[in-house]
Amino acid sequence: MNYLYFPGCTLYTKAKNFDQTARNCSLLLGFELVELPNWTCCGATFPLATDNLMALLPPARILARAKEQGEVLTTLCAICFNVIKRTNHLIQKDGEKREKINQFIEMNYQGDLKVLHYLEILKQEIGFSTIQERVKKPLNELQAAPYYGCMLLRPFEEMGFDDKERPTLFEEFLTALGARSIDFPYKIECCGSFQSVGTPEVATECAYRILTSAMRQGAEVIVSTCPLCTFNLDQKQSDILKAHLDFKTIPVLYFTQLLGVAMGLEPQTLGFEQNAVDPIPLLKRKGLV
Amino acid sequence: MGGENKIEMGTSENGFIKRAMVIGGGIAGITASIDIGNAGYEVLLIERLPSIGGHMLQLSETFPTLDCAQCTLTPKTVETGQHPRIRLHTYSEVVRVAGRAGNFSVQIRKKAAYVDWEKCTGCGLCQQKCPSRYPSEFDRRMGLGKAIYTLSPQAVPNKPVINPEHCRYFLEKKCRVCEKICPVGAIHYQQEDRLIEEKVGAIVVATGFDLMPVERFGEYGYGEIPDVIDGLSFERLNSASGPTNGEIRRPSDGRIPKEVVFIQCTGSRDPERYMPYCSRVCCMYTAKHARLYKHKVHDGQVYIFYMDIRSTGKGYEEFIQQTMEEGILYLRGRVSRIFREGEKIVVWGVDTLTGKKVEVLADLVVLATAIVPHQETKTLAQILGIHSDSYGFLTEAERKLKPVETNQEGIYLAGCAQGPKDIAETVAHANAAASKVQALFATH
Amino acid sequence: MKIELSREKVHNDFAKKVEWISGQNLFACYQCGNCTAGCPVAFAMDIGPHEVIRYTLLGLEEETLSVNTYWLCASCLQCSSRCPKGIDIARVMDALRMIILRKKERKDYIQISEFPEGFLEKVPQIAFISGFRKFLS
Amino acid sequence: MKKLGVFICHCGVNIAGTVDVKRVAEEIGRTEDVCHSVDYIYMCSEPGQQLIREAIQEKRLDGVVVACCSPSMHENTFRKAVKTAGMNPYLCEIANIREQCSWVHQKEKEEATRKALQIIQATLEKVRRNEKLEPLAMSLHRNVLVIGGGIAGMTASLDLAQGGYEVILVEKSPALGGHMAQLSKTFPELSPAFPGLLAKASEIEAHPKIELFCYSEVEEVKGYIGNFEIGLRKKTTYVDWTRCNGCGLCIEVCPIEYPSPFERGLGVRKAIDFLYPHCIPRRVFLSSTQCPYFKDRSCGRCAEVCPQRAIQFDQKEEKIERKVGAIVVATGFDLFPNEKLGEYGYGEIPDVIDGLTFERMLSPDGPTRGRIQRPSDGRVPKEMVFIQCVASRDPDRYMPYCSRICCMYTAKQATIYKKQVPDGQPYVFYMDIRSDGKGYEEFLQKTIEENGILYLRGRVSRIFQEDGKVKVWGVDTLTGKRVEIGADLVVLATAIIPSEGVKELASKLRATVDKHGFLTEAHIKLYPVESSTRGIYLAGCGQGPKDITDTVSQASATASKIQALLSTDKLFQDPLIAYVDETICSGCGICVEICPYEAREMDLRRGISVVHSALCQGCGACIAACPNFACELRNSSSIQTLRMVDTFI
């Protein structure tokens, strides 16, 4: 079984390692991520102003093109997933907007594509039990804190990813990999998102609160589903150190990186050199690299 | 004192049966039954639990006088139990109703108590010796009950029932301790549900309320944080007959909480996610809770998050003002999220009057969860052929002028089954229902 | 400190515009503050989201447009997900941003030229694309 | 020697938390004549009462002391309990160790325990000399007086009449309906108030069991439960209502117009007119202070034109006497007068009106035919301010209580206003929005959302006139900013207060009122419709502010209580009353003068004073006053009292 796949800008360029590990893992799990031809940027924000039709056109076009290729579209990046899925939902529910959009993009798309996040593919299509069986290097009770962020969960009615107040899908995933999943209250709190370009110190403070919350519960590593969250939580730790003298750093991994470790991919292929806080010492301590 | 009733009535010449059935043995049903009984008519009082008293029996004190709830209620339950014209059918449910005003045929299921109540003297030995313990529903799962139980030592009738889900005999076919210890041989494991038929001329529905379960509130921890409890649980904690003998101790570790947060409108006034209506009693019982707590834990601090303080009854506003003056901090705003952090419960709220986000590290959080109709009310409404609204509350014939009548002649409403109300309003509502029954009987 | 209210002021064009762009009814607001209570960046805001709604409703255009609240909003939707009246507060915040960014004077919140050197190379594309969309006209 | 039993209640922790109940039981148990002394968590519960019954039977007790809460709470309960065990109920006494001991000495446990012991010992002294007594049986009248013809009185009357009892309904104004007749629509359905009310009024007028006295007042009340003697005063309408057919010809010819109190000054009525259009009974009445005939006999056109010859300029007041078994007091409410509100212009700004006045304006049959306009110049108000809690929730200056209905009627009024004046803006200043009835919150939220009513959380400090506008200085506490509105019309939701004359009526009825003048119920939770005087019941706003739904429930509730009371043919009363030692009484008559219940009378033939047992309440005033020690109170004799006092010193 192959899945139509939308990489998005970040995973196509700066976070290529996240993309590559996912592709490699998929093959080990018996399916292939087939890149959507002629894809464009999704726009990275779902327009909240109701009169902003223009911002809906790129994701609409992506959806329309994907529909020509198949029935399911998957993404890795939580932001792309949010934008595409919400647009899909809007096209489904709002006849008036649907008509306008179709006129603009000169296509006829009815909103009938299924949009799934890669984690949903793993759970619904492959099954976490299958993954557990195929894990080459169980994560040895690595104390991993699953950070959901906002984009997968909200708005609940449109995303339908998991329970909005206490999601568990990510935990199940980590457990399947042999890690010990650490529950922490900030797992659904926002990392500051694009404030890292607007008001960076706000994003830094958000990251500080999330990281320390996880550490208080005993986390050794934070695992994220979103490249922007990963950036805010990982790359900002040097700024946090300046603002909070008591702060201790903690590695932050993208979920495909951890999947790669468990599937036994070579550490060199996982792009750890791009992580600001080096996870290698931890992984070594756990006997995982 | 009062009258010595002399007038006996049964059936009038035209066959109109002058005998009423009251469904629900809480304060509403009790009040209606006594009123109808005192007017000289026979009453069947049906209660689904083993004894009467309803939620009021779970309360510690009542606002605004801080009278002990047991003390005001038990004389009424005793009076009901001894009333010459009231026949109690506890541990019973109405299965079927046919006919019309003056001639309803009713089928009642008397649930198997596994105890022969005719023989039982209520000595209580069986309860003492029963080895099975499990969280008691009456104590809101904060205390332990036995598999053979009465709801309280002061229960009316004071006869126990066996819960087969917890009884070792039913589960494992062993034990039989109660059977051995019973001095009168009243234990009867083979007992089965019985269906009985009755004829009545009028029906009062007083099935009362439930609280919306704390498990519904994701943002407040899905009921899984032990020290986040609901209002009725706090009543039990505060009650002398409750699991802590009236000491305010938090469920998780038994410590006395020093920072206590009360949250109003949990599930009420929330059309988007839960119930749009106001539950009417929470503002007052929370103020009462806060004061009772403060009287017991002098160095403790109470925080109350509210949207609007609703103290409309007689003496209520004065009660609220006094509560504030005792140093209880009212914060106008909702609470967005509650989570556990170590031994503390982190409460994220707001004070809209300063516009600031507020964080409280609490030891105990009490949620004033929404009043909802008792779950069986909807089915009962279908059995009776009366209307209920989308929340399940029973619908009165006309909002203003017919607040106890229904769309069916001869069927009347009393208490919270019709909508949230406090005890005083419930009693007046139940009196009114009784008045309608009396008038119906008098005119036929 | 003082507001002079009149029906023109209550049905002010500013509030109407915010309602129109956001698709939300500001009169529906309970002023319960749930949005502020759960906001992850409330610590840095001049006034809470519930106050922004109030200010807008009362036609305090100038004061509303001078606070940082909606610029700090990260559209995480925590407020919208818990609003008892189902108001999508994040849309209200976006509408306020749009009102400023769509003005003739093009009052951008960030200036690309002021980014530190190497910033754009480091930050993921999604961050600056969404940032540009939220902060630039 | 008597054999006595003592039963000590824990009252949960109410007593046992302070008083060492075990020690008390033990120490009392050592008293010589106490052969049974136990404690229990709730003595008033069934197992508690069973303890008492069993002890009486097993130990053949001659007297019982229950140490628990106040006798006003449970004396009855325990007397009933001992009676079922075969003991005379008056051999059972209550020692109040809760209100008078544990509750007031919470921090002094040792002292409290000692005091509890003393209270019980004193009560034992009383029981030792108690006599067996039998209750006094009295006959009763099986009919009812209902005072007040508003929705409360009307509902109670109809319920009682339907229950088969005769009702005398007395209304002080010339027609039924009370304040509800002044209302436009009712919340939350916005259905017209009038049709339902009219249907009830017609039913009352036609009901064979209801005797209706409009324009009448209760002058005198004597007697007691089951046997009240009532004196009514029928005021002069100057119209023979048995003849008047309500044709209205007199109104057409009457030349005098004056501001109608029913229309709250917004409209006029003629000197002879109906109370309001379509009123029931449909009869006119004449105001002698306005009518020129009464000034200088200059007119008299009404008499000339009346086809029924019903006008009676020489009509006299009538006194009517009746005997009834029970009384419902449904005297309703008034609004706090605008004239007392200095900061809102002392009622002198014409465009500042109260809620009832606005109701008249909104009523289709009102003075403006339902058109909303400023009283000052008739213009349609475009800036419309409503102010809540005017003189309510203001303990320092006015009334401390919440008037309960203002939030909802204001939301209703603002909704009707907005429907009529779509380009107008309603503002509501409030402290807390109180919409706690069924469907109220939903109504309120819907109307705020749909009609754009601006709710401002804050009080209004001052209102004054300026440039044809009414300036309103308020605050919005949610932004923390002062608010100023140049309003066209301001509606004040002034406090609900008991209607005029209730205090005097209450004293005639010997019913109690609170400091605001609201009638007090016997118990706020369990006896919300019973007054403190037996046989007198309370319905509607006379007892406290409430909306129509709650008023109707409460009125029906009084009917239920009365039907239970009157379903018997004998009443029984406590025999704990005064008696006279005829050999000592000198016939001085001091007791007759001092008795507040008119229960003492001189027997002129025998030259001594006697006790009217049905009237005596056992207050003891005559005992204290008697110079010869000829009076005693049953089971509270001087010797008993002195022995009780001895135990404390």
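Should a chain be cited, it is by its letter among A, B, C and D, assigned in written order, with residues numbered from 1 in that chain.
As a convention for this text, a contact is a pair of C-beta atoms (placed from the backbone, for glycine too) under 8 Å apart; a residue touches a chain by one contact, two chains touch by 3 or more.
Computed from a predicted model, the values in this text were never measured in an experiment.
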Innermost chain, taking as reference the mean of every protein Cα atom displayed: B
Pair sharing more residue contacts (C-beta pairs) when A-C is set against A-B: A-C
Geometric centre distance via CA averages, subunit D-subunit A, whole Å: 68
Between subunit A and subunit C, centroid-to-centroid distance (C-alpha), Å: 26
Centroid distance [mean C-alpha coordinates] between subunit B and subunit A, Å: 48
Separation of mean Cα positions, subunit D and subunit C [Å, integer]: 54
Contacts with two or more other chains, residues of subunit C listed in rising order: 31, 43, 50-51, 78, 85
Multi-chain contact sites of subunit A, meaning residues that touch two or more partners: 164
Per-residue multi-chain contacts in subunit B, two or more chains: 219, 269, 271, 352, 355
Overall pattern in which the protein chains touch one another (line/ring/star/complete/other): other
Pairs of chains, among all present, that meet the touch criterion: A-B, A-C, B-C, B-D, C-D
Subunit C residues within the subunit A interface of the complex: 20-23, 40-41, 43-44, 68, 71-72, 74-78, 80-81, 88, 90-91, 93-95, 98, 109-110, 115, 119, 122-135
Of all residues in subunit B, those that touch subunit D in their complex: 1-7, 35, 38-40, 60, 62, 64-65, 67-68, 70-72, 74-78, 81-82, 122, 153-156, 158, 239-241, 245-246, 269, 271, 276-278, 280, 308-318, 321, 352-353, 355, 393, 398-404, 418-420, 423-425, 427-436, 438-439, 442-443
Subunit C-facing residues of subunit B, complex: 219, 265, 269-274, 307, 332-337, 348-352, 355-358
Residues of subunit B that touch subunit A when the two form their complex: 218-219, 222, 339-342, 346
Complex interface listing, subunit D residues touching subunit B: 10-14, 16-17, 41-42, 44-49, 69, 73-74, 76-77, 84, 135, 151, 155, 159, 162-164, 186, 188-189, 193, 196, 200, 393, 395, 400-402, 404, 432-442, 445, 477-478, 480, 518, 523-529, 543-545, 548-550, 552-561, 563-565, 567-574
